[in-house]
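The chains carry the letters A, B and C, assigned in the order they are written, with residues numbered from 1 in each.
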Amino acid sequence: MIASGCTAGAERFGSYLKLATLATFLIPIVGFSAFAQENSVVSADSVAVATVAPVTSLVVEDYRYDDGENLALTWVPSIDDQPVGGKVVGYEIFQITDSGEPEKIADVLPGVSSFLATGLHAGASYRFYVTARAETSSAPSVISAALTPHREWINWGLWNLMLTALVVGGSVMFFIETARRGHELFVRKIAGLEAVDEAIGRATEMGRPILYIPGIQDMDDVQTLASLTILGRVAEHAATYDIRIRMPVSRSLVMTAARETIKAAYQAAGRPDAYNEDMVNYVTDEQFGYVAAVDGIMVRERPATVFLLGAFFAESLILAETGNSVGAIQIAGTARPAQLPFFIAACDFTLIGEELFAASAYLSGEPKSLGSLKGQDVGKGVAMVAIVLGVVAATLYALTGAAWLQAFGDWLVAMFTIAS
Amino acid sequence: MDHLGLWIAGFLTLGIYSFLYRDNPWYKLSESIFIGVSAGYWVVTEFWQNFVGKFWDQKGDDPWLWIGAVLGLMMLMRLFPKIGWISRWPLAFVVGATSGFWMMNYLTTNCMAQVQATIIPLLGLGYEASAVMIFSNIVLVVGTFCGVAYFFFSKAHTGVFGATARVGVWTIMVTFGAMFALTIMNRMSLLIGRTSFIFGEWLGLIR
Amino acid sequence: MKTRVIEIGVLVVAAVGCVIAYLGKPNIFGWHSGFVFSPTVSLIIIVLIGVSLLWMLIRTLQNRLVGRRIVFLYVGIAISLPLFMSITQNIVVSENVRDVYTALDELDPGEKVLVSFDYDPPSAPELQPMAEAFLAECFKRKLKVIIIGLWPMGPIQANMAIDTVMERMGLDSTQLVYGVDYCNLGYQAGNEFVIQRMGTSFEAMFGNDVRGTPYREVPLVKNVKNFSNIDYSFNLSSGFVGTVEWVQVAVSRYGLRLGAGNTAVQAPTVYPYLRAGLLTGLLAGMNGAAEFEKLTDFKGKATIFMLSQTFSHVIVIAFIIIGNVAFFRGGRKTALKGGSE
């Protein structure tokens, strides 16, 4: 009897032990489930009884090449996450910071197995868990180990962009230095430049002014800077031959820069007394207001020569056509492709795109301009070679199916592909 | 006031269009009003949105704005010849900052992405492409290569390279023709908008 | 003197005609309710214009050249008369336009679309119809629309587009709730630097919406931190700052999915980005707007104006032919200056 009593007692104790063990596991799960319901009052009905399987293999990694504000989560979806008949209706992502309070940061759809936690602080410690949600229950995963997001100073994923920038930038600097040391840098003949002298000569013969339009952008646009460089040359000739220059502008800073340029040109030509600052006047910043004013000047003063050099937008055709209608010889140049067709159609000579910068470099002879031009040619050369090699490889692969050609072509494409 | 606004808009619209006939006082009046109003509009916009909105209202919240304000004042020194040299510093800052900002963007989208998009097979056995696509690919690759060759300034346009550059400039001209046509479409759209205003909203002749 | 009298006479007659037409509007004295040409009359007008162009070609072949003002007159007629015609034009949808529609199709209700209005009233004839059709499609699909502008008048154009869409779709402010279904964050100066900054924080650039509500208090955007919270973006632009800057900053640096609506003149500069896969769809010019209106079944001004567009293109082609005939028959100078003042 004692033995049976002991046995019964042992069995009962064993049962209690089993119950205690079960409770040890259940209580935290129940507790977390209660938290998972956003700290709402946990009622008997809402206590999560894990009838849906949780996600597994939750891995948290530092997101590469960021400012230390992202961590990448991946997991194996719940076995109850099936496209047809699955119990899972979504996943909830929870984040635990140093304060220890879990905070829900996202809901994702079923089938999703990754998430990027953003807005974190570099150096702070974070833990995560993912709760699989069914209609009436949920199951949290194991909490991940604490991880600190790190800041990377260099994005090595963009190494090919860095290499390209170094090649092009390095070439520019090399050629600038070469030009500074007095080495002559060859720049091919640019057709429109000879016309500049011819146009100025025409103005001299007709005794009518030169109208110079430097575009409608401000001094921070490189086209305006190129235009002002050419203005210096034109103004020097105009001073020599005593031709009046008329220069309405649409930016106040361009007005002051242009006045300085023309004044310096007149001084260089030995005609400082002939300079008048009213040669350059500010009209308005508004695009079509400026155009209306310039059109009026063209029609009333009937210049012999019109220079349209700089950054233009929609007003280009209006200016070119009006100049054409008054019989002026027009020399245009812009790097905006959308406006070039109008200049080519309506003007006598056009500097296409980069020819404007080349003309500016050619006329000024400045080492920085010439060096930049040559350095950019290196970049163009690299692009041309890459295109030829890549197209040949891709075409030959399509014809022959040789694997090495495919590998070479893919490598070449990858060299010019920027990882996002 | 709606009636007055409609009549002023109609009067000025037709005044500007009268330039198509010849220069006349009606055009000159419309032009002067447009220039004056636009200049005044920009002054008001720049003052209230940039100076007041971006700086004055937020000056207490963001100390970096004061650096911008100082640079802006330095830029205005250009108007005074004796101390005009001060304006070169903020200008250098603006040019340098925008160059640095844009350098990587341009290299990525205008250079590398374009080279990558141009590396395509032209044709091949088993390469599933229609004759139109093959022709299009050939034109794309040849046009791109020859166009870049035209803007290569380190070599004179003579011999084979000269012929390549000539093909490039033809390609560029064909492109310009297409762009011209698209721009005509744009200008016609604007004219349609104004014509619709004149006959529709102003005169009420369109049902 | 005689010319001056004729000019003044024409001006007086035109002015009187304008006054009569204006006073006869339905909301004033109601003498007329507008005019529409029947299909028969429209076809007769088309035939007459065609015959006159042929007559001009014959004159050119006889070395009697066409004046500049005649060309202007014909363009004016080609633009104006179709506005009164009742015939319609068949519109064929292109692949680039369909890509924008497909991109919207792939979005689920409730997903967020960022629309940037980067244009002002001069470009409205082309871009406003695109904006209206796009917004209508978004609202139809229950997408949430966040509006910003990098041009000063952009957000105002957006408000006008929303008003038109709500009126056409019969929605009131309870069915399309501001702050919940859509919001307008307004204009921000700074051009491409605004886009760059939005890559990390929208709130840093748009502290308040156009109604002065702080960013965090607008329900639609309070959880929108940056581009990573946007599901699709659409940019309407006509110049700088515009689609090119959005591609170069937002797409290339932050991987934003971007579609664009551009004026026809800007479209060629954007095609390389379309080809390189940096843009998801493009509506180019009034043509693109009309195609999108057809796809979304939201017939607007673009569809109505396409007939004028087509007529004007035909007139331009006709005069290119006439001009080239004159050029090859006579000298270049004569061909350009013949017949003008």
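Here are some notes:
In this text, a contact is a pair of C-beta atoms (placed from the backbone, for glycine too) under 8 Å apart; a residue touches a chain by one contact, two chains touch by 3 or more.
A quick note: this is a predicted structure, and the numbers were derived from the prediction, not measured.
Each of A-B and A-C has its own count of C-beta contacts, and the greater count is at A-B. Legend note: the chain whose CA centroid lies nearest the centroid of all displayed protein CA atoms is B. The geometric centre of chain A is 18 Å away from that of chain B, both derived from CA atoms. Taking each chain's centre as the average of its CA atoms, chain A and chain C sit 27 Å apart. For chain B, residues that reach two or more other chains under the stated contact definition are 108, 113, 116, 175, 179, 183, 187.
In chain A, the positions touching at least two other chains are 288, 337-338, 418. Residue positions of chain C touching 2 or more other chains: 122, 252, 265, 268. By the touch rule above, chain C contacts chain B in their complex via residues 18, 21-22, 24-27, 32-36, 69, 72, 75-76, 79-80, 83-84, 122-126, 152, 187, 189, 192-193, 196, 247-249, 251-253, 263-265, 267-268, 272-273, 275-278, 284-287, 301, 305, 308-309, 312-313, 316, 341.
Those residues of chain B whose C-beta lies close enough to touch chain A in the complex are 16, 19, 23, 28, 31, 34-35, 37-39, 41-42, 75, 78-79, 84, 87, 91, 94-95, 98, 103-104, 107-108, 111-113, 115-116, 118-127, 141, 144-145, 148-149, 151-157, 172-173, 175-177, 179-180, 183, 187. For chain B in complex with chain C, the residues that touch the partner chain are 6-7, 10, 20-22, 45, 49-50, 53-54, 101-102, 105-106, 108-110, 113-114, 116-117, 175, 178-179, 182-193, 195-196, 199-200, 202-207.
Chain contact summary for the complex, chain C toward chain A: residues 68, 122, 225, 228, 239-240, 252, 255, 265-266, 268-269, 336, 340. Chain A contributes residues 160-161, 164-165, 168, 186-189, 219-220, 253, 256-257, 260, 283-286, 288-290, 292-293, 295-296, 299-300, 317, 337-338, 340-342, 344-345, 352-355, 358, 373-374, 377, 379-381, 383-384, 386-388, 390-391, 394-395, 397-399, 401, 409, 412-413, 416-418 to its touches with chain B in the complex.
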